[in-house]
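What follows is a pair of complexes built around chain A, which joins chain B in one and chain C in the other.
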Partner chain A sequence: MVAKKKTENSNGPSQKILQELHRKMVRIRKFEESAGKMMEDGKIPGALHLYVGQEAVASGVMQHLSNEDWITSTHRGHGHLVAKGGEFKPMFAELFGRSTGYCRGKGGSMHISNMDLGMLGANGIVGGGPPIAMGAAFSNKFKKNKNVSVAFFGDGASNEGSVHEAANMAALYQLPCVFVCENNGYGEYTPQARHQAIVDVADRAAGYGMPGVVCDGMDVMAVYEAAGEAIERARNGEGPTLLECKTYRYYDHVGVRGMGLNYRSDEEVEEWKNKDAIEAFEKRLLQLGVMTKKKIEKVHSSVNQDIEEAIAFANDSPYPLPEELLDNVYNEEA
Partner chain B sequence: MDARTIGIVANPASGKDVRRLVARASVFDNREKCAIIRRALVGAVNAGARSFAYLDDSHNIAGGAFKEIGKDCEVVVVPCLKTSSALDTIHGARNMREHQPVANLILGGDGTSRAFVKGWRDAVLLPLSTGTNNVFPVLAEATIAGSALGVLAADGVNKEEVVRSVKIIDIEIEEEEGDIALIDAVVTNDQFIGSRALLNAGAIKKIFLTRAEPISVGMTSVGGLVAPLSEEEDAGLYLILDNTGSINVTAPIAPGLYDKLSIKSVERVKFNETIEFKGPCVLALDGEREREIQRDQKVKIRVGREGPGVLDVEKTMELAASRGFFT
Partner chain C sequence: MSEAESNTVRELPYVMAINEGIREVLREQKNAFIAGEDVAIAGSVYGYCAGLLDEFGEERVIDTPISEKGIMGLGVGASATGCRPIIDLMFMDFVGECMDEIANQMAKMRFMFGGKATLPVTVLTMGGAGGSLAAQHSQSLEAWLAHLPGMKVVMPSDSYDAKGMIISATRDNNPVFVVLNKASLAMSMEVPEGSYEVPLGEACVRRQGKDLTIVAFGRMVHEAMASVDRLKEIGIDAEVIDARSVQPFDTETVVNSIRKTHRALVIHEAVKFGGIGGEIAAQIQEEAFDYLDAPVMRVAAPFSPVPFSPALEQIYIPNADSILTKVKETLAM
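Take a look at the complex of A and B:
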C-alpha cells in the first residue's frame, strides 16, 4: 500500500506523513492567500493577520497531535486551525461572519476555535494563549491522560507577563505543555532588536526551568523532528519544553499590503521568500520520489477546488439572527 | 593591521539544537558565550595583546563582549552575512582572513570550527566549547585560553612551537561543491537534513574518523571504543555498520546518550587513500546532517593532514612561563 511505503532513504517518516505535511502547508498557504485577497477586496469584514510564510511551524507541530491534544493560538491563528484539521467551509464562513462558521459567525478571525479539534481558540490578546494552554495541560495531568497542550505565541508575546507566568507554572508542576515561540522577527511592526535584549527566546527556558531548543521554522522537517521530541517528552511526563522556531511572515502584520509602514525592506522579505518552506519541501519530495510533479499539481488544484467551494458555501450562508446574539457565548452548563 | 591581531568568532546557534531534548546536552545561552569572550579578552590583554578583529555575529555576542575593551586596544569589526546559518561563519572566516589574525578564538562546537575552516582552510584556531559534541574544541578556561592567545600575539612564543596542523576529511561530491569535516563524516540513510542532529543510530551506515577517542562523545567514540586512533597518528578510521555486524558496541553517541551499534568492519585508512560510494544518503559532518546526496551521485572521501592549525594552550603557557614572559 503506497501510504505505508518508505522512501529508499528509509530513516524518517513514512510517505503518508510526508504527503500530509505537504498538504497541510499547501492548504494553509492557499487559505491565507484567498482570505487575504478577499479582505483587501472588502469581502471579509475586519482585520486578518495572515500566516503566509510560517506554514512549516504549524504543520510540523500539528502532525504529532490528535484531536484530544489541545492548542492555543494567536491573532495569526488561521494556519494553526487548518493544520489541526480545520475545514475550509466553516472557517471561511466564520471569517465572513456567517452562522455556519465554527463559532457561528461570532468569533471571526481572531477568536476562531473548535473544541472537537482541540483548538482552544485564536486570541486577540498578545500572550493570551499560553496561560490557557498551561491550564489545559494541568487538566490533562490531573486526569492522568497522555494528552498534551501546545501554546503558540510570537516573539512579541514572549515579553508578556502572562507567558512568563504560564511557563513558570508549567515547569513548576512539570505539565505536559509545549511552548512554541514562532519568532518571525517582529512584534507587529517592531523589530525584535527593539523589543528585547536577546535574540533567541529559547534562552529564557533555563530561567523557567525547562529545556529550550531553537529550530529552523522554515524547514518543516526540522520543526517536525524537534516538535516530535518535545511532544513525546510532554506525553511521557517529562515536563514542558520551549521550542523556538525562526520564521517569517511574508505579508504585513495585518492583511497583505498592511498599513504601508516602512519597517522592513523588500530585500529582507525576498531573502526569506528564497527559503520558502513549501518550495524547498516539494523539491526534496521530488528528489526522494515521494511525489511526482503531477501529484504535487494535483494537491494544489484540489486545494484550490476546496477553497472555491468553501467560499461559495460561506457566501451562501446566512448571518446569525439578532435574537441569537447571546446564544453560545457563555457555557451555561458550567 | 599587523600580524599580532587576534580573531574572535562566536556561533550564536551552538548549544541550542534538538540534542537538548534527545540527549542531555548542555545549553549555552548567548550571555554565557559573551562572558567567555570577555574572560578571554581579559586574559589576552593581560598577556600583551592589543589588536583584535571580531566577527559581527547576528546576535552581537562578540560585540557585546568588546564593550568593555580598553581604549588602548585596536578593534576591527569584521562584517558578517547574518543569515543565521553556517554561511555566516564560512563567509565570516573569509572576511576575517583579510585581517590576518595570528590565531582565532572560535566559540562553538565541532561544527562551528568546521564552518570556519571551510572559509579559511589554513587558519590557526583556538576552539573553545560552547556546542554539543565537543571533540575538536580545547578544554580550557577562557581566561587562560585568552592569555595563550595574548602570548602568541605578543611574540612570547613562536607559532611553529605551539601550533600543530590537524587532520581533515576532504569530501568530493559529484557535480556539487565539496565539503570537509574535522572529526567525523557519517553516511546515514536519513531522508532529510531536518533538525540536523543524528537522532537515530540505526540510520548510520558508514563512519569516517580523523580521530577515534574513547574519552569523547559522538561518532568518534564509536571508533574509539573499538579501535582508538589519536589525532597525532597519520591515518583515518573507516567503519561500516550493518545489522549483522560482528562487533557490537554501546557508545555515547551524544552527551548523556548511549546507543547500540553493530559494526561490520573497521579499517585504518592511509592518508590520501580514497573511499568512494554513491547516494542516496545524507552526509552528517562533525555531528550534524549537512548534505543530501542524490541517488547514484558519487562521493569520494579521504583523510589528510592539511587541516587548520590549533594552538596548544598548555604548551604556550608553559613555554612563556619558562621564558619569564609573565614576570
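Take a look at the complex of A and C:
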C-alpha cells in the first residue's frame, strides 16, 4: 500500500517513507535492467524505452498517490507503472506478449497500463498523455472527489500542442492535475538546446497561469518534496502545477545498445551516472541511519528474487490465442 | 408546454431534435456533460445547445478554449475514468486538429489495455457542404473515422434519428461519432417527446422498390428520395436505404435488398476516391455478386476540395440529378 499523504515529523518524511522510496527506485532499476537483458536475449519483441536513470522522478511523485489517483505515462512508461504499484509478473508477461500480461498481450511496452492502479497507460505518442490526464482530472473535479491526476511527459513532449492545450485547460478549470516534466535533456536523439529556446520547461507555467517549479530529478527527496506540494495544492482545489524534474536516461532513446547514433558523449553519460539517484540515496540512508548496508542488500536481493520469479512466470505463460485477436476492439456490453 | 408525455409527437427541426437529444441525455445520466467551443453561454454556433446552460449549469455545460486536442483529450480522459462526456466538435473538418486523440487514444485505448478500459464518449460534429463555407468547413470525412477499429460512426439524416441516435450513442459503451449535417438543420419532421433510441449499426429502408437499391448516407438520403419519381419515369422502381450507421455498417439490410433488386447505387457527400462507397461496393460484390445484374454504381463528390462559389458548390454536391445521370449512364438508358 502506498502512503497517501506524507506523514512527516519535524525532521522530514518518516523512515517508512524513505524506505518505500528506496524500494520503489530499486524495483524500477532492476525491472528495467532485466527487461533490457530480456530484450537482448530475444524474449521481448518490438521496442523498449528504458527508464534507467530517471527512477527518482517516478518514485518521488508516486509516493504521494493512491490507486484512486490517475496518472498518464509516456513511451518510457515501465518505471511509472512499477512506482504506481505494478507487479512484475503481469508486467514482464506483457512485455513478452503473453496473455497473462496486464493488457493480455495487446499493448506491450508502449501501452502497458493498469486501470485498477490508476495508471492510464504508457503512450506511444509523444504528448499523448497530458490531455488524457487533464480529462481524468476533470472527471475527479466533476465527481467532487479528492483524487488528483498526474501527467508525466518529457522535454520533447513539452513542444507538442497537445501539452499546451491540456495545461491551459487544466489551469482554466483549476483542475486537480499535476504536470510533471521529466527533462532528460533529449527529445529522442535531439538535445534540448536544439529543440527549444528555453532551459527550464517550467518557465512555460507562467503562460498557462500555474506555478512552475524546477527540481533536481536525480534527488528523490527533492522530487518527493516538490511533488508533495504540487499534489497537495491539486487535492485542495488550488489547481495545477508544472513541476520540472531535471534528470537523465542512461540508455539510448530506445533499446539497450541503442542505434549507435553520435548524439551525446560517453563523458556526459558518465557525469550523470556519478549523480545516480539510487547510489546517492543509499549513501544518505546510511548516513541518516535509516537503513543498514545489510538492509539495503536485503532489498536488492528480495527484488532480484521477485524479478526471477516474474521472468519465469512470463516465460511459462501462454501466448494469446488466435481467437483473442478481435477481442476488445469494441466493448460489446450494453 | 403541458405535462410531457413520452409519446407526444410534434414537428421538430433537426437543430431542435439535437437539442432535445442532448437534453434527455443530461437529464438521464448524471455523469454526462457536454463540453465544446461556444456550447454554454452562446448555446453553440448552430443553436442546438440553446438553454442547456440554464437547465444544467456550468458544471455540466462547459465552454472550452479553441483547443480541439484538449477537448478530445478531455473526452478520452473523462470517459475512461467514469464520466459519460458529450464532446462537441464544431466542424467535422477540425478532426485534423485532434486526430491523435481520436485515432490513437480514443479508438484504441480499450484494445491496447486488453479490454480493461471503457470509453463511453460521444462526439457530436457537423459535416457537409452547401453554405459556401469553402474547403475547410464543409467536408464529409466519415471515411477517416470509420477506418478506425474501435470507433463507431453514425450519420443521422433526419430529426427523429438525430435525437434517437444521440441518446443511443451516449448509452453505448464505446466512442461514437455522431456526424450531423449542417444543411439539414432546418428540416422538420415529427419527433416524439421524451427519450427513445435509434439503434446504432442498423440501416433503415426508407422506400421499398424492386429495380434498384440506393444506399445513401446522411443528407444524401433526401437526394435519393428526391430521385425516386424521376427514376420511375425511366422505368426504375428504386428502393432507398438510409445507411444511418457507417461503422458498424449494416451489410445485411443492403444485401437483402440487392437480392430483390439486383442493382445497387451508393451515394455520399464525401469525395468518391477512398470514400465509404468504395467499401460498400466491395462488400456488395463479396456478399451478393451472383445477384447483381449491373455494376455497383457510386455517386459522390468529385476529387476536389469543396469550392467556395455557390456556382461551383452547387455542382460539387451530389444530388438527384447526379443519381439520374449515373443510372442512365450505367444501365445504358
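Everything below uses one rule, namely that the second predicted complex is superposed on the first by the 318 of 334 C-alpha atoms of A that agree within 3 Å, B and C clash if a C-alpha of one lies under 4 Å from a C-alpha of the other, contacts with A are read in each partner's own complex, and residues count from 1 in each chain.
The working rule: contacts are C-beta pairs under 8 Å (C-beta built on N, C-alpha and C of every residue); 3 or more make two chains touch, one makes a residue touch a chain.
Computed from a prediction, not measured in an experiment: that's the story for all the values here.
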Looking at the overlay on chain A, is there a clash between chain B and chain C, or do the two fit?
fit
Of the partners chain B and chain C, which touch A:His111 in the superposed model: first, second, both, neither?
second
Go through the superposed model and pick first if A:Asn140 touches only chain B, second if only chain C, both, or neither.
second
Between chain B and chain C, as viewed from the CA centre of chain A after superposition, lies an angle in degrees, nearest 10, of 120
First, second, both or neither for A:Phe96, with chain B first and chain C second
neither
Touching A:Tyr224, do we find chain B (first), chain C (second), both, or neither?
first
Tell me which touches more residues of chain A here: chain C or chain B.
C
On the A-aligned overlay, A:Pro131 touches which partner chain: chain B = first, chain C = second, or both, or neither?
second
Under the stated touch criterion, which partner chain does A:Pro211 make contact with: chain B (first), chain C (second), both, or neither?
first
Rounded to whole Å, what minimum CA distance do you find between chain B and chain C in the overlaid structures?
25
In the superposed arrangement, what residues of chain A touch both chain B and chain C?
none
Under the touch definition given earlier, write down the residues of chain A that touch chain C in their complex.
70, 72, 101-107, 111, 113-116, 120-121, 123-125, 128, 130-140, 142-143, 149, 161-162, 165-166, 168-169, 172-173, 327-331, 333-334
Under the touch definition given earlier, write down the residues of chain B that touch chain A in their complex.
12-13, 16-18, 20-22, 27, 29-31, 58-60, 83-84, 188-197, 199-200, 202-203, 280-282, 292, 294-295
For the complex, give me every residue of chain A touching chain B.
7-13, 18, 198-200, 202-203, 205-206, 211-215, 219, 221-222, 224-226, 229-230, 233, 241, 246, 271, 284, 287-288
Spell out the part of chain C that touches chain A in their complex, as residue ranges.
31, 33, 59, 62, 64-65, 67-70, 72-83, 100-101, 104-105, 109-119, 149-150, 152, 173-174
